[in-house]
Amino acid sequence: MALRVAVAGASGYAGGEVLRLLLGHPEVEIGALTGASNAGTRLGALQPHLLPLADRVLEPTSAETLAGHDIVFLGLPHGQSAAVAEQLGEDVLVVDLGADHRLTSAADWEQFYGSPHAGTWPYGLPELPGHRQALKGARRIAVPGCYPTAVSLALFPAYAERLVEPEAVIVAASGTSGAGKAVKPHLLGSEVMGSMSPYGVGGGHRHTPEMAQNLSPLAGEPVTVSFTPTLAPMPRGILATCSAKAKPGVTAERLRAAYAEAYGAEPFVHLLPEGQWPHTGSVYGSNAALVQVALDQHAGRVVAISAIDNLVKGTAGGAVQSMNIALGLPEELGLPLNGVAP
Amino acid sequence: MALRVAVAGASGYAGGEVLRLLLGHPEVEIGALTGASNAGTRLGALQPHLLPLADRVLEPTSAETLAGHDIVFLGLPHGQSAAVAEQLGEDVLVVDLGADHRLTSAADWEQFYGSPHAGTWPYGLPELPGHRQALKGARRIAVPGCYPTAVSLALFPAYAERLVEPEAVIVAASGTSGAGKAVKPHLLGSEVMGSMSPYGVGGGHRHTPEMAQNLSPLAGEPVTVSFTPTLAPMPRGILATCSAKAKPGVTAERLRAAYAEAYGAEPFVHLLPEGQWPHTGSVYGSNAALVQVALDQHAGRVVAISAIDNLVKGTAGGAVQSMNIALGLPEELGLPLNGVAP
Amino acid sequence: MALRVAVAGASGYAGGEVLRLLLGHPEVEIGALTGASNAGTRLGALQPHLLPLADRVLEPTSAETLAGHDIVFLGLPHGQSAAVAEQLGEDVLVVDLGADHRLTSAADWEQFYGSPHAGTWPYGLPELPGHRQALKGARRIAVPGCYPTAVSLALFPAYAERLVEPEAVIVAASGTSGAGKAVKPHLLGSEVMGSMSPYGVGGGHRHTPEMAQNLSPLAGEPVTVSFTPTLAPMPRGILATCSAKAKPGVTAERLRAAYAEAYGAEPFVHLLPEGQWPHTGSVYGSNAALVQVALDQHAGRVVAISAIDNLVKGTAGGAVQSMNIALGLPEELGLPLNGVAP
Amino acid sequence: MALRVAVAGASGYAGGEVLRLLLGHPEVEIGALTGASNAGTRLGALQPHLLPLADRVLEPTSAETLAGHDIVFLGLPHGQSAAVAEQLGEDVLVVDLGADHRLTSAADWEQFYGSPHAGTWPYGLPELPGHRQALKGARRIAVPGCYPTAVSLALFPAYAERLVEPEAVIVAASGTSGAGKAVKPHLLGSEVMGSMSPYGVGGGHRHTPEMAQNLSPLAGEPVTVSFTPTLAPMPRGILATCSAKAKPGVTAERLRAAYAEAYGAEPFVHLLPEGQWPHTGSVYGSNAALVQVALDQHAGRVVAISAIDNLVKGTAGGAVQSMNIALGLPEELGLPLNGVAP
């Protein structure tokens, strides 16, 4: 019998992408779809690409509308997921697409988000050492941020093998869907097309502590992250260019071996052949992450680059992958591996 | 037991899209992949988005490499498919992605393509009256052109119900993948981004007679087509804006009823609710066609607009849909209905 | 002594483009810049591309702030320009970038805009027969709509020479800046990139009667316009594809001669050499209009296509060109003829 | 009397942009336009945006066609400019848009370009300390690379004031025109739209030694550059994100003061107000460079970001600016300061 799934925040980009993936998932059945200001609206008017759900009408997000489902995805504003989850009970698998339960440090949370910490849930990045195991049987999942997903996949093998120094410099370009569907002047098509723009420069982006949290335990020392996100003129995709000083004696062969071992058995993370670099266009609509790494001998730095689709592996796909693990389903179920290219 | 499929021209956009769809098709197994100048190259270097096939190496296109398959897709230059098909034998299902066998009129072929006509194959647009039936059991399929697919779906209900006069005016915008992967200066990213440009204006585009061929039998009189294609700054998608004078007495209700009836039972063609118009972004990567129609009372014209993904419903998806019908498989097997949006 | 210019609505796209052009105009000096909700804001925060004006602060739009200038450009919401102009007095040149004073028919105005007609001002499309003369010495100018500019330039020589029938079919693609800077969900970058979408289909677009108004007097009979605008994934540019049935006996030579004569002496409208079609990218940032025309013998239609930059020739450039004429300055002063390409 | 200018390589992007700027330059007159494979072609067919030059025909690049001009711009393949310049004589101002004469180190040249070094010419980045003076009266100018221009402007004040450590990490995104007009599969619009892609990763990009050459003398110690260029889905623009460890005791105030002083009197380089970051869209078509800098206290790094138009300040505009200086003309003559936005 199919598992019944509800999606709260079905009118947003993250919620819509969860629905796109679940429509191709053989073990689930889509139940309640909820929204806030959009409650009462046909989904076809909000997400015209989800044809089989066009005639569904959004319900208000509440304990009542979300009750009676086996799985609930939450695409809610910051600070709302804990209360909703509590009302749903402990047997329901609650997958939080938002940030509320990602950080383990309450101090970091309060510094970067400016509100009380709501507690930590199992972190949905199964490729990180130990995380896949921790997700098995979980009934709460904190879906990682899109940038931390891209950055952690690019860098963790280097840190886990202690090949690089603990100061990482990261510049990432993201498609505009990462900024969500709320209308803001700088997100108008006229503004973003033909233009690259940085934001959150100088250490202030909220995803910064999440990156450090993922990498530091593997490094065995605190990793400091210098992170600069930029907005690129494309709807989807993250290209994360990450570098750190190579530890003394590290060779290109040693480096490559670390990545080959880390990703050899992973279904969704692919280390490209030497000399081929990841393009975000290759993972458009796919749950794959493409990774490549090189040693810049002259500058003495390891440069690792990853490409993901911010809405798939960076949000909805990572969420479904973790859901599969939590429920004991095959990890790849319902998840596209091929990109829609060109 | 899985059906074995070969794809000739696997390095091009059409061939690549066929492979993307077949990788999600439960009844087929991908066999030989062939190319011309790219023979000997890893597919991962040419189609980096097709991860499961990355290590496949292209073979040369020949009767030998294509032999031993149940189904062969041909993405070849004009004039080559008839000879290849003959060598494959009558039991193999040959699906031609090119133009060679689309036109029934040898005179039209010779006028627009400037070479001898290679004969007509069953035409793979199952939504056209009578065509679905004709495809059942077929072992040769001519996949329609991308523009004729979009235009025929936008206009045929109006012609079939004799609601419009036989002079159609069509302006269509296409993504650049419709122009293929051959490198030409005007297709450089620097040239196409930020620019709309017409081409083949004044009646010369090769898809013009194919549109007339589809519409005239339904109209019961020869339909004259004025067709202007334009190149739009996007990788995929066709938006076809089609109009014709309304016949006397035609009402908006009568018009809408004709489209509702034509598409009510179609799995891939969706008539949108009144007032909602098709966006190509909604069908990105999907085999769906979105259609809307209106009566402009003042101008006395019926305006019908369709949106498709030129590489899916306009090429590879239409091809797989027709393949399914020919083989007696469920028509929708392996075909995405949801678009990848935003 | 320099002429002093004020711009009301300086934070919008039209106002910003007027300023960009005026900064390169040798005879003017930029005075008051006003806004509504943006009053009090640095222009550098709103229009970061206008470096020399970055430290200017927007004043509120009022008779007081606009007083004391020789020329006032109005980029205001519908219905506001008449009252402002009255307060400025008859000696001030008032150039209205909005629609209020374009239509000569009060009935058309009321039908399409749903408000009382505010009267007609001299129409700023100097290339139309008789209009250049009418603009000389004018102190009120109604700047044409962007679509009517593109369409009138594409079609008027054919109508003026009575070469086509009075039923025009027009499909135009516009960059997103034509929709203005007001934030609306469908104008988000995530929505418009990679997608073409129609709007105002079926005769409802407000620019339709303006096109008919321009063409009918030249045709000597009422011209009926079927107009479908589409939104293209680019910031700027209009490509207008226009066609009408050829009158009996019209030849390609006759047609070409009509256009060559109409535009031979025009500084900004260029008839391209035979076989070369206009790209919007060629007029990016320029006041030029590129035009081409062909006779489709088979369909019996004349197809005329124009490309303009909607913000320049379609709005601010046309406005400055008409200002030059009104003031007796050289018509081309301060207006770029070259596009910014690629 | 106007100075006569010839442009060799007039069919390329750099040559075309030089022409666009020179058409607005009051002191020059455009003479011979030359090309290699395009000799004999109308410029209107190659550069349709340069309307006043549409009927010019390209001549072959040779000493004869380039003779008799006061100024010659060279947009030639690597290795050709020295021989051409020698034939032109010492009185002619030769402005090389290519790389041949940028590097002072023959060893660096040979390592990165694989050919014999052709000698060093005065380097056309007048904002670098001492360079403006060196350009006065010069008759040979090496126009800097586009990336080194962006990076040097972002970082030099920090190095000149010894505020940062000599290991710079740079990630830059460039529009596709930076890759030139030669047709290559990865530059097709279908490939670049919707995708970010890195290239030349790991220290191999030819602009790397040029950056070090600009920064090291100011730093007073050898600066090591880790440079990763990426291709962004836009025609123009470079966004350079540059960082280096802050030296002990450096404060945000000290940092800002260094940049304010460096750029306070510069006509084309603008330090943005605190908190406002550069967008490439703001400098589209303009010779301006926008710069911003911040101190990331937590990571201990200075982050400096610049935005330029790669074809203007990064190539043709920088070339004309240096030409003006060399000839004793006002430095800003003929150079747009405002961007074409949105």
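So that you can tell them apart, the chains are marked A, B, C and D in the order they are listed, and the count of residues begins at 1 in each.
Here is the rule we use: contacts are C-beta pairs under 8 Å (C-beta built on N, C-alpha and C of every residue); 3 or more make two chains touch, one makes a residue touch a chain.
Given the structure is predicted, the values throughout are model-derived calculations rather than measurements.
Q: Within the chain touch network, how many edges lie on the shortest path between subunit A and subunit C?
A: Minimal hop count between subunit A and subunit C: 1.
Q: Mind checking subunit A against subunit B and telling me if their interface is mostly the same residue numbers on each side, over half, or mostly different?
A: Same: when the shared numbers are divided by all numbers used, the fraction is over half.
Q: Which chain maximises the distance between its CA centroid and that of subunit D?
A: Looking at centroid distances, B is the chain farthest away.
Q: As a quick test, compute the distance in whole Å between the mean CA positions of subunit B and subunit C.
A: It comes to 37 Å between the two C-alpha centres.
Q: Which positions in subunit A touch two or more other chains at once?
A: In subunit A, the residues touching two or more other chains are 13, 175, 177, 181, 188, 190-191, 193-194, 233-236, 279, 281-282, 284, 341-342.
Q: If we count contacts the way the header does, which residues on subunit D are in touch with subunit C in the complex?
A: Its residues touching subunit C are 13, 16, 20, 23-24, 42, 44-45, 47-52, 54, 177, 193-194, 235-236, 270, 272-273, 276, 279, 281-286, 288, 290, 336-342.
Q: Can you list the subunit D residues touching subunit B in their complex?
A: 13, 175-177, 179, 181, 183-185, 187-194, 233-235
Q: Under the definition above, what is the set of subunit D residues touching subunit A in their complex?
A: Listed in rising order, the residues are 167, 169, 171, 173, 175, 188, 190-191, 193-199, 201-203, 208, 224-226, 228, 230, 232-237, 239, 241, 243, 277-282, 284, 292, 294-301, 303, 305, 307, 341-342.
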